[in-house]
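Once you scroll down, you'll see the structures, which are given as structure tokens.
Across the two complexes that follow, chain A remains constant while its partner is chain B and subsequently chain C.
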Partner chain A sequence: MKWYEAISKIDRRIIYLFLTIFVILPFFVPFKLRQNIMPQTQQLFDFVESIPPHDKVVMISFDYTPQTMPECHPMAIALLKHCFARNIPVLGLSFDIQAPGLAVEALTTVVEELNHKASTHDDSLFYGKDYVYLGWKSGFTAAVLDMGESIAGVFPRDYFGHPVDSLPLMQKTRNYKDVAIAIVLSASAYPEYWVLYPQSRYGVKIGAGLTAVMAPKYYPFLQTGQFSGMMSGMKGAAEYEHLIVEKGYAEKLGRAETGMNSQSIVHLLIIIIIILGNIGFFFTRKDQKQS
Partner chain B sequence: MKRRIPLAICFTIGILMLAQFMIPHPISRAFGSTVNKWYIVLAAFALVLAIGNLIRHHGTKIRRKKTDWPYSIVTLSGMVAMSIIGFAGGIDSKSLYQTIYLNVLAPLGSTMFALLAYYMASAAYRSFRARSLEATLLLAAAFIVMIGFMPFGQYISPHLPAFAEWIMKVPNMASQRGIMFGVAFGSIATALKIILGIERSWLGGKK
Partner chain C sequence: MSHDPWIWIGALLTLMIFSFLYKDNPFYKFAEHLFVGVANGYYIVFYWQNALMPNLFEPLGAGNLVYLVPLLLGLMYFARFIPKIGWLVRIPIGFMIGWGAGISIPAHFQAFVLRQLQGTIITPQSFSNPIEGVWAVIILIGVICTLVYFYFSKEHKGILKPVSRLGILFIMIGFGASFGYTVMARVSLLIGRIQFLLGPWLGLIE
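Right, the complex of A and B next:
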């Protein structure tokens, strides 16, 4: 077999082996790459940064599933840290039935971490006062529309069974007028419907955190201003982590940074094997033409 | 009558909901809110139907010992066990339900999705060949976007991230917008056909 035939017919098991090594390597040999912050991530960060403390809530719609957890979960963690560090109350909810477990995990992780560091009662975060998780609701389009009239009407009880009206945060958060921005973390079409229904009807600001594969679809929403910012995939999450660390809202970078290192090396591997495959293809074709 | 009544309900509610979306009057808003609440309740019933279908489908598979029937036992046992654990022990952050969710379902889901990386790498290597001008353009765009969005990109050339962003913001956005307009007009046409009773396949039956 000629050399160019060999490089165009690499056994897939060899590719799998290299892929595995390249994914695992950054977890054992950590390195730091400078993140080039994309404008849409900066835009979302700046929007959250402009919200006055102890005023309107940031509504986070946790609509991702375990399958897309590596991309969307670090976004949720970074966003929660940013909001809580700036004393912005958070209202969580979900329309994807697999999401509540992950939403509870994100909220618990961040709240426990920040409360562990808190030195006074005022520094601590309390459920019902600083954050609320409403849980899952069926009938997405009707629910997001009806929350413009009354959030408690759609979610009479929160995820843990408390009557929503009894929670101090919900007494001052009646509908979208009390929401600074709704940020949708999703791997599907939910952000589009948030624009179509509640934004067109009630003018609520929308931000998004999407898997990398979904992001290209949403660029038109950024250009029209219908999205007030967007995080795209693990890169978006890593950028947001960098932004909150730079601003002093978090001490260290999160999971997306390590994941991004793995992803970068794997992308490089894929580019190299595609180039090798094409070199082999050109030489083989040339050979066939000559013969 | 079996067809006329549903068609009349569809037409009336369709027109009223369309009108109420445009009219921000308290009566219109109250009507919209009530209908939305009905819809939420109806959508919840879909879940009950789904559970019923799941039990029937897998129950039949187990009874008739069809191919891979033991997996159906796993599915049904999983559903029953998680329901009992959730109802009995609660669903808060310290519950057994949440522990199982985070330590069984989440890793399983992530693993299934992670396998895609292997298939994609292998498929990209075998099929991503510059066989024609179109394929070469696609290959070039993919390379620029991949390298430009990687942190490595800026080390290769400081202009690469901006160029990758330009590809996303201009050619990509133009094509995405075209698709969106097509889908939107198609949706409007279909919705109007359903409201006006031209499209009746949702009623079921042969006629």
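Right, the complex of A and C next:
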């Protein structure tokens, strides 16, 4: 076998082995790659920065699944830290059937961490006052449209079974007029439906945290201003982590930032493999033409 | 190393699924079938507890008889299993299509057609920042050329030929960006699993 045939027929298991090694290596040989912040992440961060404290809520729709946790969960954590650090109340909800457990975990993790650091009663976060998780609802379209009239009408009870009207935060959050922005963390088409229904009818500002696969489809929504910002994939999450650390809202970077080191190395490997494959293909075709 | 049995179950199932990368084997098959079974069980119980019970059976139990209408419409879907009354299925389907079309057609036009068209319109304001202005022109050219490429009522000859060629170029750049993002997404999933194996399971990283 000629050299160019060999490089275009590398056993896929060898490629998997190299991929695994290249993913693991950065966890044990730490290095720092400069993180440039993409404009859409900065835009979302700036929007949250512009919301006055103790005023309107940030609605976070947790619609990701366990499969896409590495991308969307760090986004949720970073976003929650940002909101709580600025005393912006958070209203969580879900429409994806697999999401409620992950939403509760994200909220619990952040609230426990911040309450552990809190020195006074006022610094602490309280369920019902600073944040509420409404839980899951079936019938997405009807639900998001009805929330424009009354959130409590769609979610009479929260995830934990409390009557929604009894929670202090919900007494001042009646409908979308009391929502500064709805940020959809999703691994499926929910963000475009948020644009389609609540934004078209009620003018709700929409932000998004998407898996990288979905990101190219959603860039046009940024350009038209239908999205007020967007985090795309693990990189978007890492950028948001970077921004909240830079502003002093968090002490250390999260999981996405450490994962991005592996991501960068693996991208180099994939670029090399693509170049090798193309060289092999080019020479093989040239050989075939000559013979 | 973790002492939590759930972490061990998660880690072993992850390794079983990864074993497929070498070749198909009984461990992979076991994990795959277990996943399908657990996922189905989860969905059935979740929908029963969180959709059917609160939205249908509890109001019915409380004597709210108007809920008989959605119950009846829902049951009509099963009519297709009985050939004699199979035509009944058209009633709920017609209801859903009517409701769905009515609610989504105006919204689609507003959000996906008119707003996207607005985004391609160049105004003097587009050039308030020169770089943004250049991008606005590129977007306009990209939209026109791509639309021309998909215009099949006239043969792509004369002026249409270079314009549609340029359209292909924009489409290819789009495909390239999608591929790059897809690679990033898939690698992210692998990183997530490796973080789980090295962290909560083996305790080698924080």
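Throughout what follows, the second predicted complex is superposed on the first by the 291 of 291 C-alpha atoms of A that agree within 3 Å, B and C clash if a C-alpha of one lies under 4 Å from a C-alpha of the other, contacts with A are read in each partner's own complex, and residues count from 1 in each chain.
Quick note on the criterion: a residue touches a chain if its C-beta (ideal position, glycine included) is under 8 Å from a C-beta of that chain, and two chains touch if they have at least 3 such contacts.
Predicted, not measured: the structure shown is a model, and the values here were computed from it.
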item	value
Touching partner for A:Gln226 - first (chain B), second (chain C), both, neither	second
Chain B versus chain C as contact partner of A:Thr65, first or second or both or neither	first
Chain A residues touched - chain C or chain B, whichever exceeds	B
Which of chain B and chain C A:Phe27 touches, first, second, both or neither	second
Partner chain in contact with A:Lys235 - chain B first, chain C second, else both or neither	both
Which superposed partner A:Gln35 touches (first chain B, second chain C, both, neither)	first
Partner chain in contact with A:Phe281 - chain B first, chain C second, else both or neither	first
Partner chain in contact with A:Arg201 - chain B first, chain C second, else both or neither	both
Which of chain B and chain C A:His116 touches, first, second, both or neither	neither
A:Lys289 touches, of chain B and chain C: first, second, both or neither?	neither
Shared chain A contacts, counted only where both chain B and chain C touch the same residue	16, 19, 23, 67-70, 97-98, 138-139, 141, 145, 201, 215-216, 220, 223, 235, 263, 266-267, 270
Chain A to chain B touching residues, read off their complex	10, 12, 15-16, 19, 23, 33-36, 38-39, 65-70, 97-98, 100-102, 104-105, 107-108, 137-143, 145-146, 149-150, 153-154, 159-160, 201, 215-217, 219-220, 223, 235, 260, 263-264, 266-271, 273-274, 276-278, 281-282
Residues of chain B defined as touching chain A within the complex	21, 29, 32-33, 35-37, 39-44, 46-47, 91-93, 98, 101-102, 105-110, 112-114, 117-118, 120-122, 124-126, 128-131, 139, 143, 146-147, 149-154, 161, 165, 168-169, 172-173, 176-177, 180
Chain A contact footprint on chain C (complex, rising order)	21-22, 42-43, 46-47, 50-51, 55, 103-104, 106-108, 110-112, 115-116, 118-119, 139, 174, 177-178, 181-185, 187-195, 198, 204-205
Interfacial residue positions of chain A with respect to chain C in the complex	13, 16, 19-20, 23-24, 27-28, 67-71, 97-98, 135-136, 138-139, 141, 145, 192, 195-197, 199-201, 211-213, 215-216, 220, 223-226, 232-235, 255, 258-259, 262-263, 266-267, 270
